[in-house]
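Shared between the two complexes below is chain A, which has chain B as its partner in the first and chain C in the second.
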Partner chain A sequence: MDKLKEVLAESMAGTPAVSVFGLFDVPESVAVTWILMALVTAASFILTRSLQRIPGGRQTLLELAIGAFNHFCEENLGRHWRSFAPWLFTVAVYIAAANLAGLIGLAPPTRDLTVTAALALMSMILIYGAQFRFRGFSGGFKKFAQPTPVLLPINLMEIFIRPLSLCMRLFGNVLAAYVIMEMIKTLAPAVIPIAFSLYFDIFDGLIQTLVFVFLTTLFLGESIEENE
Partner chain B sequence: MLQISWSGLLWTVINLLVFYLLLKKFLWQPVTDKIESRQKEIRQNLAIAEEQKMQTAKVKADYDARLAQAEEESQGLLRQAENRGRREYQAILASAQAAAEALAGETRRQLEADRTAMLAEVRKEVAGLAMLAASQVAGRQLGGSDDRALLEEFLAKEHPAEGLPAGQYPPKPLPSEAGGSL
Partner chain C sequence: MTLAIGAALAVFTGIGAGIGIGIATGKAAESIARQPEAADKIRGTFILGAALAEATAIYGFITALAIIILK
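Moving on, here comes the complex of A and B:
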C-alpha cells in the first residue's frame, strides 16, 4: 500500500524540465511534442511522397481518413469548412499522437495541464475569432444574445467554461489513465497491464481525441452558423 | 503538473502553430487536393459520358429516321420504275402491234399488186398463145387489128364472171385450158 502511494505521488509530481543543448530548459511535454512533431511530419512525407491518381492500399486508407474528416467538418461547419479543417485536423493528429505516446515509451504531453490549456486556449480563440470574423463586429456581439437575450450571461460565461471543460476533460482523462496504468504496472508487472493498456492508453486516448475535436467543431459550427 | 507554466503555454502554442503549418503543407493539403481533383475528374468524365450517350442516341434516332426515309424513297422509286416499265411495255407493245398491222397491210397490198401484175402478164401470154394457136388452126397469119379485137372479144365472152374492165385479159384460163377450150 505504501508502494502504491509512492507511485501515485511520483506519477502526479511535476514533469521534469528538459535542457535544450544546455541553453535553456523546456518542460518535458514540450520536448516530447517536438519528437512527436518530427515523427508525424516524417510519416506524412513518406505517406504523401507519391500520391497516385488511382490510389493504392496505403493511399486509400489515407484518403479515407482525411476524406472522412473533411466530410465531418463540412457537415458541421457549412461552406466555411475549408478554413478550419486543417487546424482541426492538426489538433486531432496532435492529441491522438500525444495520447498514444505512452505506447512508444514517452510521457504523453497531454498529461501536462499546460498543453491541454494551450489546446483549449487555441480552440477558444478559434471559436470566438471565427464568430467575429464571419459575423462582423456587431454581428459577433449579437450572437451572444441569441437565441434570446436572457441567455446573454450564460453565453458570456461559456466563453471561459467551454475551454476550461475541454482542457480539464482531456488533462484529467490522460493523467488518470497514466496514474492508473502506473499503479497496475506496480501491482502486476507482466501481461496483465497489456489488457488495461488497450483500454486506458489506446481506446481512452482516441476517444478523448474525438471528444476534444468533436466539441470544438460543434462550438465552432454553432458560432458561425448562418441565420436563415 | 497541476500548475500552468507560462513558458510551457507559449511553447505549446508555438508548437501547435508550427505543427499546423507542417501538417497542412505535407499531409492535409496534398491528400485533399488529390481527393478533390479526382472527384472533379470523375464528375467531368460522368458528364462527358452522359453527353456522349445523349449524342449517340441522337445520332441513332437520326440514322433510324434517315433509314426509314431512304426505305420509303426506295419503295417510291421502285413503284415509279415499275409503273414506268409497265407504261413503256404497253407503249412498245402497242407500237409493235401497230407496226405489225401496218406491215401486214403493206404485205397484203403488195401481194395483191403482185398478183394483179402477174395475172396481167399471164393474160398477155395466153392471148399471144391463143393467137398463135388460132393462126395455126386458121392456116393463115392473124395479124390485123380486127383479128386481135376478135380475140379479145372472145376472151371476154369466155370469162364474164371476172368482171374485169374492158381491155384487160381475164386471169383464170391457163395456157392448157385455154388451148383445150379452143
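Moving on, here comes the complex of A and C:
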C-alpha cells in the first residue's frame, strides 16, 4: 500500500527524472515520449515507403484508416476540414501510443498531469485560434455572444473549462486504470491481471483516445461552423 | 481514518456517472433500433454525453486522490 501511495504522489507531482547519458535529467514522461516518437516515426516510414498507384495489402489498410478519419473530420468540421485533419490524427496516434505504452512495460506518459495539460492547451489554442482565423477578428468575438448574448459568460467560462476537463479526463482515466491494475496485481499476481489488462490498458486507452480527439473535433467544428 | 472516509465519500460521485452513462447507453441503443440510418449521428452524441457524464466520476476520483495525498 505504501508503494501505491508513492506512485500516486509521483504522478500528481510529475514523474521522476531519468538521466540521459549522465548529462542532464528529463522527466520520465519525456524519455518515454522520445521512445514512442522513435517507434511511431519508424512505423510511419515503413508504412509509407514505396506507395503504389494500385495499392497492396499494407497500403490498402493505411488508406482505409486515413480515409475513415478524413471522412470523420469532413463530417464534423465542414468545408475547412483539410487543414485540421493531419493535426488531429497526429494527436490521436500520440495518445493511442502513449496509452498503450504500458503494454511494453513503459510508464504511460499520459499518466503525467503535465503531458495531458499540454495536449489540452494545444487543443484550446487550436479551437480558439481557428475561431478567429475563420471568422475574422470581430466575428471571432461575436461568436462568444452566440446563440444569444445571455450565454456570453458561460461561453467565456468554457475557454477555461474545456481544456481543464479534457486534461483531467485523460489524466484521471489513465491514472485510475493504473491504480486499479496495481491493486489487482497485489491481490492476484498471476494470470488474472491479463483479463483486466485487456480492458484497462487496451480498451480504455483507445476509448480515451477517441474521446479526446472527438471532443476536440466537436468543439472545433462548433467554433468554425458557418450559419448559411 | 477521517481522511479515508472523506476520500470514500468523494468516490461516491461514481454512482451518478454510472447511472448517467447507463441511461445514455440505453437511450442510444433504443434510438438506433428505431432509426438505424441515423446510427452515426447518434453514436457521436452518445460519446459526447458519456464523456461528459464520466467526467464527474473522474473529478470525484481526483478529489479523493487529492484528499489522501495532499492532506
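In the analysis below, the second predicted complex is superposed on the first by the 214 of 228 C-alpha atoms of A that agree within 3 Å, B and C clash if a C-alpha of one lies under 4 Å from a C-alpha of the other, contacts with A are read in each partner's own complex, and residues count from 1 in each chain.
Following the convention adopted for this analysis, a residue touches a chain if its C-beta (ideal position, glycine included) is under 8 Å from a C-beta of that chain, and two chains touch if they have at least 3 such contacts.
Keep in mind it's a predicted model, so treat the numbers as computed, not measured.
Colleague: So, A:176: does it touch chain B (first), chain C (second), both, or neither?
Modeller: Touch partner of A:176: chain C, not chain B.
Colleague: See if chain A has more residues touched by chain B or by chain C, and give me that chain.
Modeller: After superposing on chain A, more of chain A is contacted by B.
Colleague: Quick check for you: in the superposed arrangement, does A:121 touch first (chain B), second (chain C), both or neither?
Modeller: First partner only.
Colleague: Return first, second, both or neither, reflecting whether A:168 touches chain B, chain C, both chains, or no partner chain.
Modeller: After superposing on A, A:168 lies in contact with chain C but is clear of chain B.
Colleague: Between chain B (first) and chain C (second), which, if any, makes contact with A:222: first, second, both or neither?
Modeller: In the superposition, A:222 touches no partner, neither chain B nor chain C.
Colleague: Tell me the contact category for A:33 with respect to chain B and chain C: first, second, both or neither.
Modeller: first
Colleague: Using the superposition on chain A described above, determine whether A:67 touches chain B (first), chain C (second), both, or neither.
Modeller: So A:67 only meets chain B here.
Colleague: Does the superposition put A:211 against chain B (first), chain C (second), both, or neither?
Modeller: second
Colleague: Take the contacts of chain A with chain B and those with chain C, and give the residues found in both.
Modeller: After superposing on chain A, chain A residues 12, 175 contact both chain B and chain C.
Colleague: What residues of chain C sit close enough to touch chain A in their complex?
Modeller: 40, 44, 47-48, 51, 54-55, 58-59, 61-62, 65-66, 68-70
Colleague: Taking the touch rule as given, give the residues of chain B at its contact with chain A in the complex, in rising order.
Modeller: 1-5, 7-9, 11-13, 15-16, 18-20, 22-24, 26-32, 34-35, 38, 41
Colleague: In their shared complex, at which residues does chain A touch chain B?
Modeller: 12-15, 26-27, 29-30, 33-34, 37, 40-41, 44-45, 47-48, 51, 53, 55, 59, 62-63, 66-67, 70, 85-87, 89-91, 93-94, 109, 111-115, 117-119, 121-122, 175
Colleague: Mind listing the chain A positions that touch chain C in their complex?
Modeller: Per the stated touch rule, the residues are 5, 8-9, 12, 75-76, 165, 168-169, 171-173, 175-176, 210-211, 214-215, 218.
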